[in-house]
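Take a look at these structures.
Both of the next two complexes hold chain A, though its partner changes from chain B to chain C.
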Partner chain A sequence: MSNEYILRQEELVENPTARIPICLVLDVSGSMEGDPINELQEGFNVFMNTIQSDEVAKYAAEICVVTFGGAVEKKLDFASIERQEIPILSAEGLTPMGEAVVLAINLLDARKREYKSAGVDYFQPWLVLMSDGESTDDISLAEKKVNELTSRKQLTVFPIGIGASANLRELARLSGGRPPLRLKGLNFKEFFVWLSQSVSRVSQSTPGEKVELDLAGIQAWGAI
Partner chain B sequence: MKDVFMSEDKLLVDTSVLLQDPNVLVRILRKKGIPFLSNTILQEIDFNKKGNGLINKNARYLFREFTRYPSDECQIFPCGRAIHPGDVLTRFDLEGGSVYLLARRKHETKINNDYKIIEMARDYDLKLLTRDNALCVQAKAVGVDSIPWTGPQNSAKQVQLHHKNNQIEPFQLCLNPIVDVPKQLAHIKIPSEGARVHNQAGQSLVLIRKISEGGEGVIYETDALGVVCKVYHTKCLTDIKRKKIELMISRKIHRPGICWPLDVALNSDGDFVGFYMPKAEGKPVQTSMFVKPVLQKNYPDWMRIDLVSLCLSFLHHVEFLHSLNILVGDINPLNLLITRDSSKIWIVDTDSFQVENFPCPVGTINFTAPEIQGKNYSEFLRCKENEEFAIATMIFMMLLPGKPPYSQQGGGSPAENIKNMDFPYSFQGDGGRNAPQGPWFFIWNNLPFRIKEKFDKSFRGNQRIKITDWIDVLEDYRKMIQRKHASNDIFPNKVKVRNGMPTVCTKCGQTEEASQMYLDKLEEKQMKFLCGSCNEARKTRIRAKKAEDANDRAMRGEAFIANEKVAVTCDKCGVADSTSKDRMSELVNSGRRYLCRACVQKINASRVSVTCSKCSKAEITSKEWIDKLAIRGQTFLCKCCVDEVRKKKASGSKTVYSNNAQSSSESKNIFPALFGSFFV
Partner chain C sequence: MGSYMIKSSGGRVVGRSHLLVKSPCQDDFSHKIKFNSGCIALADGAGSKFYSHLGAKIVTRKLVEICLSEFDKIDALINDHPPKAAEYLVDRMRKTLLPVSVKKKIAVTDMACTLIFFSCKENRYIAGHIGDGVLFLRKDGEIFVLSEPQNGEYANSTYFVTDSNAASKFRVYSGLLGRKFGVMAMSDGSAESLWSKQSKNPSLAAQRMFEWFDRMPIRKMNEIIQINLEQVIRQKTTDDCSLVMMTNG
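Take a look at the complex of A and B:
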């Protein structure tokens, strides 16, 4: 067994803050090549740094990254944010979105189990799904799992389409009823700033409390 | 008597010291210090001249002394620094030395004399010598050093100071909340950085810099010393808010540590926009001590006794507020500020307090009593009993830094756990199955009995503990730590053992005390003794292995089937039953037996209180055990007496368990037959 898992368990039990597990499921297929992938990378860096500098959120938010571009990869595993190294994203290959969402759900589920067995409070997980096209694999299993979880209020999906060729109808199938938003241009940074602010808001609450997200703030980056 | 000041110190001597001990000036001079007074201090002495008390005599004496010798106006401050324009510095002769009087006509601050005195100390870089604790705290909050005076307390009579309002009329107790739909005040100019605000009397101040921003408004530093101003967002400016603040400022509450509104803040049109309050010091409890590494970084020299002291300072504040019929309402770790000095705590966000029929409109789940869970905070008035639940929760989270009392294995929603009184820590045979992993068990285990009892009553028994009772048990706790009867470690790493046997850890070889009962239990289960740290490491490894397996399954695309059940047999009555796979692996990993619900209930129900036949102490035990003893013809002994007897028996032959280092994950599984197929 790797020491990483032991360290992770120690971090888990020593920090009593209620956790917000978040899995970013990012499209890094060939069509993201160039500006889109660079802007995505920069936006993601901003996200990690903003949370790191928030004294409450940094002990509450737990980030994991799954990318899909050719293969599905776990680019970043759950750990305390202080120790996490920001992965470098590069674009290539097809768009196996279905497989990526299933992996994300399984990883979030495994993490939830760790919270339960350690006795750490947690919020229901978030899944942020970003894609600029449409899937090249079967998404029906992913759709089924998302619907199961969202109907039990055990998952929140934030579906984001990038650019004109993003298939919003398909994203809608993977979001459990939440309407997908289309990113304005390449406003990744604005989106990630909004996302980190949403994490901050939630981190100042208690699991079970209703938190209003900043809907007005969405206009800076998204359109329906 | 020993004076606390050093030679060469420039000291501003506060009224409270001068009136108790006028000779302090001469002693400062002899020690080559330079004593200063200010016009505010002189006024206060003047105010105390009439009367026959010692203080009054001292006041008259001081005035005589100051007028007996010639005085002269100085152009230069001692040590060459410039005198502020408009100020006057006068030098008096006293016993061959010089005492200086600083006079200022127009003080920056208009709030009270305390601030005027602090302002002078700040502007001339003087240390403040005072016996007024409140003044010390307020001075520190604005960066002025003060020296608490430790001289003779020769008079019971309190020094009468202008600005001290000792008698505050308590607020009315109300039954029904204000239910009006809050009417938003329309078209109001919200002042921002650089703008000027004023109070009813027309005294104005400038908003210098934004200190913090919340959902309700912005807090600004102002040009008035030690005073900050909260300006509400437009959407929060309601007539109810204004009336509430007006009611609050009708009582002049100057208690260091409570940011009570001092005055309303009006914009240039004269509209209500917020209020003034004293500047607080420190960082929120939530962000400065509720995560272990952060606590260790911020307050490296803190010990458990500091946590106790923090609880006590918090309780004294709330006790004071309750005496005036004020409820905090939204007790939470973001509204409490602390510094390295654990005897001080600040309560901020006071405009949310519940006063009279103005409810506290906010709250958080963890601090909300079961009877008011899920209710809309702005629609009812809380009672002291509701608040007592929040107080117990705050004390718990301070003593187990950051851990909410109902946080437990298996999760569950915090609100549900509170409503079900599902408290996971063990006390006298109740609970303990779902206690969270990590340092929390050790902390709980090391708490004194009376503290655990109060938590058990609060969180399992749904009873409420009075503030005075908490103060009582926490004062005792402090004494126990001082006398080394309780651990002073914030995060102890072993269990507390009474009459323990020194036992060698089979893994690291360190000797640690263990109770005979625990050792017997291990022997019965054929498990080896591990010291606290090694046992923790073992549990961590088990969880890490499980996490790794789960992760591997996730990567292979195999989902965990939620709540998968496995068939089991009750270890007591043999009945076939089923339980979750998770629960079962927990039990196996911790070497515990599976008992069906009926058996657990039976055991709980059959617990009786018995008197020890040796020391006659009452203890709770199972009826089964009593019956067993009766069959054997033995009488009941309490745990202590049993330990003692065993110790006597074992004395001389120290129990040393096998020193074979053996990985705990290989430790013998006692139920392979039942769920062998479960092991991977």
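Take a look at the complex of A and C:
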């Protein structure tokens, strides 16, 4: 057939890729000093690089980082991953986990509103919560907000405990029913590889498709 | 409208994600012309339902058959009481799927799919839509969106003809056609290239395809649609892509 009947690229529309907003809420309190913070940093670098090398996920995933260690800080704001600089993580201070989760929820909510006003489709937001201890602030407001959102299927939380001192019962209060997992040793890289693969699966899902997480893959990094 | 001959054409291709795992195309379509009447129907099977391609095939064929044989009845229902028309059409689809589900020992919902249809008779039309996909109508030379996608909050959620509340989500339309008309139904995979989610407008490509169909015989148009689905439209999505058109040009 002659090229006369082949549509030209400029005749097609450019629709934005549907986004998956992900907020990583990371414990950088004093107890993370040393190997834990170094391994967390390396794992996070792997995550960002793996997403960037994925043809679909690099346009779909939008990542934000909130840290809690002494103060609660938005360490990385939502943006296209190609424009983001990986933040340097350092450990210090107490563990204001409740305040960090509330900030993460507010940031995810604001991002959803931006998608809506710009006519960009999006998937259910993810909140990844990682801690090696227990909170030093009140988590009841965070718990209430998480439960409201997860019961309406408006948020998925991945609660991850780091090391033997992580308070999994407290993480469970902030997970909306998903049982927390304990990281095996300092297998941050394995966790972040699994997380990036899960993002890739969701970003390629189509309407009506129920995306199953790779449960077998969890064994490489986590235990109940 | 009588001085023009109605013609229809369509195509579908399996999406790149389904090609990788060797699963079938879950989009399907049907079209038929009968004297001064015509009907096109297109359905997109639910991603996670194993028999959704079968559901898409069954409902599109049944819908075309119903519209051509019961046009006046459905037109009257839509004009008198649109919810009843939606209920009637959804019920007919369910009754068609039910014996298949019994025979295959599966649930009707295992054949979940979206549905778009457009049917004309002389200078009147009826149309219906549940879920994603888009329906363009060209009337008096201008292409506009007759029916937009209706999805849930998230990108991978939509409504299916097999949903328990399908009748309440099934949108129906009726109206009069000009002397010369064209209609194009597409799945969400094709809509990625042909419809702007932000401006809500059809692409120039849609205009081009109507122009080609105005001067091409059906067999040639079938080839044009198929090759553009394969070489152009599929490249902008990982999803299955399908497209069905009808004109009286």
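Heads up, the rule we're going with is that the second predicted complex is superposed on the first by the 206 of 224 C-alpha atoms of A that agree within 3 Å, B and C clash if a C-alpha of one lies under 4 Å from a C-alpha of the other, contacts with A are read in each partner's own complex, and residues count from 1 in each chain.
In this section, a contact is a pair of C-beta atoms (placed from the backbone, for glycine too) under 8 Å apart; a residue touches a chain by one contact, two chains touch by 3 or more.
This one's a predicted model, so the numbers in the text were calculated from it and none came from an experiment.
K.L.:
Return first, second, both or neither, reflecting whether A:Y5 touches chain B, chain C, both chains, or no partner chain.
P.N.:
In the superposed model, A:Y5 contacts both chain B and chain C.
K.L.:
Residues of chain A touched: more by chain B or chain C?
P.N.:
B
K.L.:
Looking at the overlay, does A:I105 come into contact with chain B only (first), chain C only (second), both, or neither?
P.N.:
first
K.L.:
Kindly classify A:K74 by the partners it touches after superposition: chain B alone (first), chain C alone (second), both, or neither?
P.N.:
first
K.L.:
Just checking: does A:F123 make contact with chain B only, chain C only, both, or neither of them? Give me first, second, both or neither.
P.N.:
In the superposition, A:F123 touches chain C alone.
K.L.:
On the A-aligned overlay, A:N15 touches which partner chain: chain B = first, chain C = second, or both, or neither?
P.N.:
both
K.L.:
Who does A:A223 touch here: chain B (first), chain C (second), both, or neither?
P.N.:
Neither chain B nor chain C is touched by A:A223.
K.L.:
Just which bits of chain A does chain B share with chain C as contact spots?
P.N.:
1, 5-6, 9-10, 12-13, 15-16, 18, 56, 118-122, 204-209
K.L.:
Note which residues of chain C are touching chain A in the complex, please.
P.N.:
Result: residues 15, 17, 44-49, 52, 112, 114, 131-132, 151, 153-158, 160, 188, 192-198, 203-205, 208-209, 212, 223-224, 227-228, 231-233, 236, 238-239 of chain C touch chain A.
K.L.:
Would you tell me which residues of chain A are touching chain C in their complex?
P.N.:
Listed in rising order, the residues are 1, 5-7, 9-13, 15-16, 18, 56, 118-124, 154, 202, 204-211.
K.L.:
Could you pull out which chain B residues touch chain A in their complex?
P.N.:
Chain B residues touching chain A: 286-287, 290-294, 334, 364-366, 400-404, 407-411, 413-415, 424, 434-440, 540-541, 543-548, 550-551, 553-555, 557-560, 562, 582, 586.
K.L.:
Residue numbers of chain A touching chain B in their complex, please.
P.N.:
Per the stated touch rule, the residues are 1-2, 5-6, 8-10, 12-18, 55-56, 59, 74, 77, 99, 102-103, 105-107, 109-110, 112-122, 145, 204-209.
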